[in-house]
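Read the structure below first, then the notes.
Chain lettering (A, B, C, D, E and F) follows the sequence in which the chains are written, and residue indices restart at 1 in each chain.
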Amino acid sequence: MEKIAIFPGTFDPFTVGHESVVNRAQGLFDKIFIAVGNNSSKDALFSLDERKEFINQVFSGNLNIEVVHYEGLTIDFCKEVNANYILRGLRTSSDFEYERAIAQVNKSMYEDIETVFFLTMPEHTPINSSIVRDIIRHGGDVRNFIPTKMNIKK
Amino acid sequence: MEKIAIFPGTFDPFTVGHESVVNRAQGLFDKIFIAVGNNSSKDALFSLDERKEFINQVFSGNLNIEVVHYEGLTIDFCKEVNANYILRGLRTSSDFEYERAIAQVNKSMYEDIETVFFLTMPEHTPINSSIVRDIIRHGGDVRNFIPTKMNIKK
Amino acid sequence: MEKIAIFPGTFDPFTVGHESVVNRAQGLFDKIFIAVGNNSSKDALFSLDERKEFINQVFSGNLNIEVVHYEGLTIDFCKEVNANYILRGLRTSSDFEYERAIAQVNKSMYEDIETVFFLTMPEHTPINSSIVRDIIRHGGDVRNFIPTKMNIKK
Amino acid sequence: MEKIAIFPGTFDPFTVGHESVVNRAQGLFDKIFIAVGNNSSKDALFSLDERKEFINQVFSGNLNIEVVHYEGLTIDFCKEVNANYILRGLRTSSDFEYERAIAQVNKSMYEDIETVFFLTMPEHTPINSSIVRDIIRHGGDVRNFIPTKMNIKK
Amino acid sequence: MEKIAIFPGTFDPFTVGHESVVNRAQGLFDKIFIAVGNNSSKDALFSLDERKEFINQVFSGNLNIEVVHYEGLTIDFCKEVNANYILRGLRTSSDFEYERAIAQVNKSMYEDIETVFFLTMPEHTPINSSIVRDIIRHGGDVRNFIPTKMNIKK
Amino acid sequence: MEKIAIFPGTFDPFTVGHESVVNRAQGLFDKIFIAVGNNSSKDALFSLDERKEFINQVFSGNLNIEVVHYEGLTIDFCKEVNANYILRGLRTSSDFEYERAIAQVNKSMYEDIETVFFLTMPEHTPINSSIVRDIIRHGGDVRNFIPTKMNIKK
């Protein structure tokens, strides 16, 4: 059976931490859908199209990785693309409790789905999209926190 | 002295986790007020009346349990109904730190109040109202996460 | 039905934190057994008899509280004394995860048992028996950390 | 080299916990700037001017402490006032993970900056500005949670 | 490239939680070595041979799973059997911090290794080998906590 | 007043994480005593003399840093050398809860002492002495985890 995973997130914006998780996980799956969800909260910085475009810059040419967006429940999107795995990165223990709740509820709603976790690298642990957004908003330099191939102009 | 507890919460909506805490705690108290507070934040799904109605469906006929709503400080409501105990469920360690702060501040403002904690059952640990709301908003099936007697139509 | 609780622990030694939990919880129960367990680990400081004697100094004359010791599983001792509640204090979030595992396993082995948690007071949060033992071993003054009525001579 | 620290925060409002950190840390620094940041979120209770005025009431006459406000990145403000240390209080382990991310990102953007942490006192651990705001909004008495010299009229 | 994982642990004894992780992970790997490590600490209950025998009872006939034991560093054993993945289950946030340290150190010593985490199921979260050992020592019934096919006689 | 700190620990062995904390903290203090405590537990790998010798290799020639050992309570040693600050590194949130208890108890026993925390750098977060010991025992290469100037032959 093909091993298909989705890597869901808001990715506002995609960071070096996300990039590293995808790169290290791709040996395990035949295909990874990087699935950009809508950020319902008010403080979105980049549009859905910008966010997808950034990620495409990083993985263009990589045939096993496809950038898509989705609405609705994550498990419904999994069924739609025949994914049996949800890929997530773990940074901290507060991440963990949130991720565990989501993953266990997903499993109880759709038994065939498994959430598989990779750790961020130690040097990426403090980096998350919310901090990166905040730095961009204040005009700071985020080049160390986003993939080299990503070209953010804000 | 009568043992009166309030079980305060936003209950947007009431879940199987809440139901289980009340059921297991009721042997310890002469009366439990399930006290529905206003959800000040923007993302309320159900109105105060709907939320009370749902809980009444679950405990109707149970004379030791009364569903009420309150505004203002929780300890002021405790004084109003002569409650000396605040009942709370604990799911995770991040819950715990938040609950501890609230409970210790309540105690320092009103020395006669004690907060008593019950654990959620293991199978209810991933379930919280925020996740249930999210599933309802996306049209998912939440019947496993809310009490059998509750009749949500959204 | 009578509300009987056991408050199990090693109590090597009993601290002001333990005392405060018992004092605040006793309004809720008809009887509390303070149940001293054997400390299997190597670093016990006080003998079982000393530990029981210390606790008796604190609660002597209080008819609702009885100091006992037990061996074997906590739930077996609960059955023996007809206790339906296990009383525990919670200090920190690392306490919490340990306590949750024990309580949930107890519940799954004996459905009629409920573990009820009280918080320690903020000023008692850093105090635990292990730190107190360490101070005693190094000749420090622990009078602020143990009940006033306890008379430790080491 | 002069030891200059900034103590950044929203301070909406300043609490006894904040006061205690500054008092205990001031022996370590030649100067502490209490740097009031803008609270971008919707639920600000006090204006920037009110918040600064409250803190000035607490430390007036203390020449080593200066109350300022700043916008933009914290590290940019550090450079502006030649501060090499950021002072922060730690209350709980969930505080810790958030503080660690911010501090490590600051360090990676500006190598000469160090974040130095002091603990809150045990009795101040449950107190944070968000809880204090909530009590004020509901007309409760917060005198035990704010510095004696602070004169809040709301 | 073949996807080979080791699932290292002390397994003293193997629990339903371990069984569930292996069952859910085996679709992702071509082969899983369940690698029983020596328990250096004093309180081992079962011998290495007993522990291996128990696990063989659970997975006998499953050609993709092999029960082995190892000494020395986990990464050295990975190299020996050409494993590029270490499989681990995550139960709680305190588990997480320990697992993260081990996994990140392994990665820094052997860049080709990735640790992949699966969550335990909610109902298995409170169960760990240490609690199971304790119950067995006190003569309690652990049949709900170990795999159905495992035949423990102590 | 002179700013004197002790940096207490078992240091079995001293790691790059410890080295980094001392290097970054030394600008804040006139003198730092690196105070090696006895490791009472069974699994000490290096003798007290070896541990002191290793640390001296790292800081030899640095007049503001002195390597000493001590027995008894940390606060008694602080009084002996006129230290008003205890310096500690923080890695993870489970570290934090332990450190907080120790620091708050020290403060309540000796009001003039303050514990000051520095964070470890992200890349050092997974490294602790216990993991390093374990690698050494199994013959692994720990050169990335200990200071460059340290010469461990085991």
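One rule holds for everything that comes next: contacts are C-beta pairs under 8 Å (C-beta built on N, C-alpha and C of every residue); 3 or more make two chains touch, one makes a residue touch a chain.
Owing to the predicted nature of the structure, the values given are computational and were not obtained by experimental measurement.
**Q** Going by the contact rule set out at the top, which chains touch both chain D and chain F?
**A** A, C
**Q** If we define chain centres by averaging CA atoms, which chain lands farthest from chain F? Would you check?
**A** B
**Q** Could you find the chain whose CA centre sits the greatest distance from that of chain A?
**A** C
**Q** So what's the Cα centroid distance for chain D and chain E, whole Å?
**A** Roughly 46 Å separates the two chain centres.
**Q** Just give me the whole-number Å value for how far the CA centre of chain B lies from that of chain E.
**A** Roughly 38 Å, centre to centre.
**Q** Can you work out the whole-Å distance between the CA centroids of chain C and chain F?
**A** About 34 Å, centre to centre.
**Q** Find every residue in chain E that makes contact with two or more other chains and list them.
**A** Touching at least two other chains: 92-94, 97, 100, 103-104, 108, 122, 125-126.
**Q** Spell out all pairs of chains that touch, sorted by label.
**A** So the chains that touch one another pair up as A-B, A-D, A-E, A-F, B-C, B-D, B-E, C-D, C-E, C-F, D-F, E-F.
**Q** Per the contact definition, I'd like the list of chain B residues that touch chain D in the complex.
**A** 72-73, 75-76, 94, 97-98, 100-105, 108-109
**Q** Along chain A, where are the residues that touch chain E in the complex?
**A** Spelled out, the residues of chain A in touch with chain E are 1, 3, 24-25, 27-28, 84-85, 90, 93-94, 96-97, 100, 103-104, 107-108, 114-119, 121-122.
**Q** Under the stated contact criterion, what part of chain E meets chain B in this complex?
**A** Per the touch definition, chain E meets chain B at residues 92-94, 122-126.
**Q** Looking at the complex, which residues from chain A come into contact with chain D?
**A** Residues in contact with chain D: 92-94, 125-128, 131, 135, 138-141, 144-145.
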